[in-house]
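Next come two complexes, and both contain chain A; in the first it sits with chain B, in the second with chain C.
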Partner chain A sequence: MSFKVLRPGLLSSLQDIGRIGYQKYGINVSGAMDVLSLRLANILVGNKEDEAALEITMTGPTLEFLSDTLIAIVGANLSPVIDGVAVRMNRPVAVKAGAVLKFGACQKGCRAYLAAAGGYDVPEVMGSKSTYLRGGLGGYQGRALQKGDIVDCGKPSSFGEHTLHFLLMKGARSFRIANWFVNPPHMEDANLAAPIRLTKGMQIEAYKDECVEAFLQETFKVTTSADRLGYRMQGPQIELKAPLEMISEVATFGSVQVPPDGNPIILMADHQSVAGYPKIAQVISADLARVAQYKPGSRMSFRLVSIEEAEEICFEQERYLESVKIAVMSKC
Partner chain B sequence: MLNLAEIQALIKTLDNSSIEKFEYECDEYRLSLKKGSSTVAVKKAQAEPTVEEEAADAEEKELIEITAPMVGTFYSATEPGAEPFVKVGSKIDADSVICILEAMKLFTEVEADVSGEIVEILAKDGDLVEYGQPLFSVKAI
Partner chain C sequence: MQNKSYQLLNVGENCIFVKFGQEISPVIHKKVKRLSEYLEQNPFPGYIEFVATYTGTAVNYDPWVVKKKLAKKGETSFAAVGRLLEAYVQKSELMPETAPNVVEIPVCYGGEYGPDLAYVAEYCHLTEEEVVKIHSSGEYLCYMIGFCPGFPFLGGMDPRIATPRRQTPRLAIPARSIGIAGQQTGGYPISTPGGWQIIGRSAIEMFDASAENPTLLKAGDIVHFRSITPEEYAEMRGDAK
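Moving on to the complex of A and B:
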């Protein structure tokens, strides 16, 4: 199974759950911005959850399938179309050799994940297929996809094989969708627009009380300087009580740090391994997926939660994924 | 026809019981006994207008029930607020998606498997339905 890139789209790169265990050597974790959508897409095609998928950002690529492939698209609704016919998301789709997948208007969200049964056949670098774009590391030759690239898929699991043949046997001009799907909770309108939940940052005490209050009550705009490394936000100025010189220390995906200019930055998947700015808050792990779906220009608000609440929400999300996995297994 | 002895026995049994009213009907006659009144009425059964009934039966025979192919929560549309897949009067064929059943976070589109016209929708959004539970009444056309 493989496909050819006819048009690369804005930014399409291979990402899995990240390059874990090497930050102490200065190697960034990278990985999918919306790990929840990645995992769901993989489950739908019978892959291991942490398999690499194609992360598609806002303007999607045009891909020509060179062989029959089972795919699933989860995350942002970027209006996927195969040979002129709209493709439903969040479910397995059997695509025939020769079919061309295109994307159109960005209707909701920011990043979509295209999983293929069998995953993507690229070398693992330090245990991961994620692309660290700035470092030219991993993924498809260390970079985003370009016109002319041919991306190979691995060997599908038996679920993937079976589902592909089952769907194609039902008859397909270019593709055939399964009659079952998932409904990712974080992409539901009400949930997506709800305040982003965070826990207190390690240096929250260093900030002026009225600024912390403003941080939790006002809305912030995602500026155009928002990418895989971090989202620069614009809103009320967040000021320290007194100047603070910090030794660079741990920072992670979701850390909200505030540089001297007073505009918070939410560190994202390509965050640096250590950071020197004080951290006011930490986005809870369960809400990272939602942050990844906010586009430049959109507005975000924040809500403080306890560590216990953050854990419970995380467990809830894991329970959801378990339910989906069990339900999908019954479709074999 | 019951004979006198039988009717007497019936009256006696009725008297000794707490039954206030007793009615018995067969092809040729109808017997009605009521406690407290001194009259016993025996009426000749009226020939029921059978034409209407037959017609009704014939119509009912044409109604097909689409039942749930699995246990799940019934939804009439692809998402809350969206147009339902079908309404009363919608024409469907075997491939038409008529509803969604959700189980364990997985949503399955249910296909009609029959052709016809929706006469009645027997479940509502959010109902937990059993395997085999009737969901739609369809008139074959």
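Moving on to the complex of A and C:
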């Protein structure tokens, strides 16, 4: 199974859960910005959760399927259409050979994940299929998709195989959707707009009290400088009590650091493993999925939670995913 | 445990930074290295990976796995990993010291490979030959790897050749370039933008994504630079890409 790229879109790259175990060599983790959507999309087509999917940013690609393929699209609503007919998200979709998938207006969110049953058949580089764009590593030839690329899929699981045949048997012109679906909680309107939750950063005490207060009470604009490396935010200036001599230390996906210009930066999936600016906060892992769905120009607010709360929210998300897995397997 | 020589700091709910000190020093580095090695040899349920830095070791873990497999009833995953790491720090201090890996990097200094050598010499009131002699006779400790794949942060450079970064960073520094930034020296394993003063180029690769150990250097290594002529450089690079 495979598809051909007719138009690449703004930025479409293969991403899995990241290149794990190589930070000691200075290799960025990379991986999906919205890992929750990635995991759900994989579950829907019967893949392992950590398989690679196509991460599609704002303006989607145009893809021609060269064989019958089971897919699922989760995350941002970029108005997917197959052969002129709108296709529903968050469920398995059997696509027939020759069908063309296009995307339209970005209605909600910023990044969509296109999973194919069997995953994508690209070589693993350092244990991962994720594309590290700046390093030219992994994914499809170390880069975002381009016109003319042909991306092969792997061998589907028996669930994937069975679901594809079951749906096509019901008859389809170009595609056939399953009549069941999931509701990704982070994409619901009320949740998407809710404050992003954070735990205290290692240097939070070094910032002026009134600045920390403003950070937690006012809203910040996501600037146009918001990509897989990090989101530069604009809002009230965050100032230190006194100049701080920092030695480069650990930074992770979700670290919020503030350079001397006073504008916070949220480090995202392609972040460096060490960074030199002080850190005011850390986005909880469950909420990174929502951060990944904020577009440049949108506004974000923050709320501080304890480590205990952060863990509980993380566990809730894991329990949700386990329940989805059980429900999906029962559809087989 | 009031007199602990380290702090356990959370970096969110999936990472603990074990911080041994506030400055760049070989003594702190030794503690970082020992804990990192101990973790690699004794991974705990939910352990993901470590990141060694100047002042401490960051330990990444999956709090959900820790909750299910390691935490006691009513204990947070943070507390459970913290409890374990306290024991790990103590045990790692008892580990016999391993001899550091010594790596020699052949460097062609100056000319087209080291466009900033002349500036560094002028800034330091030395001749180019003196800069090369000082840089290539030093012994350097690799404190950490970061910034980009395989990029080493080396300590131990002679202050006589310390030179501030360039006013305007270059958009693309060729792979294997060796440079100076303030008191630090290091090398760019891959081509990337950067502001370091470039004084030469390594004849050997510093990063290979397909190798089992993808980088030439790792934290804890001792590094020497050896000055080679353009002819030697050409010969060594002859069969390389």
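Side notes on the structure shown:
One rule holds for everything that comes next: the second predicted complex is superposed on the first by the 332 of 332 C-alpha atoms of A that agree within 3 Å, B and C clash if a C-alpha of one lies under 4 Å from a C-alpha of the other, contacts with A are read in each partner's own complex, and residues count from 1 in each chain.
Keep in mind that, in the parts below, a contact is a pair of C-beta atoms (placed from the backbone, for glycine too) under 8 Å apart; a residue touches a chain by one contact, two chains touch by 3 or more.
A quick note: this is a predicted structure, and the numbers were derived from the prediction, not measured.
Superposition of the two structures on chain A shows chain C fitting alongside chain B with no clash. In the superposition on chain A, contact is made by A:Ile247 with chain C only, not with chain B. In the superposition on chain A, contact of A:Leu137 is made with chain C only, not with chain B.
In the superposition on chain A, contact of A:Ala86 is made with neither chain B nor chain C.
Contact with chain B, but none with chain C, is seen for A:Val182 once the two complexes are overlaid on the shared chain. Of the two partner chains, neither chain B nor chain C is touched by A:Met329.
Computed from Cα centres after superposition, the angle at chain A between chain B and chain C reads 150 degrees (steps of 10).
When the shared chain is aligned, no partner comes close enough to touch A:Ile150: not chain B, not chain C.
Once the two complexes are overlaid on the shared chain, A:Leu10 sits clear of chain B and of chain C alike. Touch counts on chain A: comparing chain C and chain B, the chain ahead is C. Of the two partner chains, chain C is the only one that A:Phe315 touches; chain B does not reach it. Nearest C-alpha atoms belonging to chain B and chain C sit 20 Å apart in the superposition, given in whole angstrom.
Counting contacts by the rule stated earlier, no residue of chain A appears in both its interface with chain B and its interface with chain C.
Those residues of chain B that touch chain A in the shared complex are 79, 97, 103-111. Touching chain B in their complex are the following residues of chain A: 179-183, 320, 323-324, 326-328, 331. Here chain C touches chain A in the complex through residues 9-15, 17, 19, 22-24, 36, 48-56, 58, 60, 63-64, 67, 76-78, 144-151, 153, 189-190, 192, 209-210, 213-215, 218-219, going by the rule given at the top. Across the interface of their complex, chain C is touched by residues 20-28, 125-126, 134-135, 137, 199, 202, 247-250, 252, 254-255, 272-274, 279, 282-285, 307-308, 310-311, 314-315, 318 of chain A.
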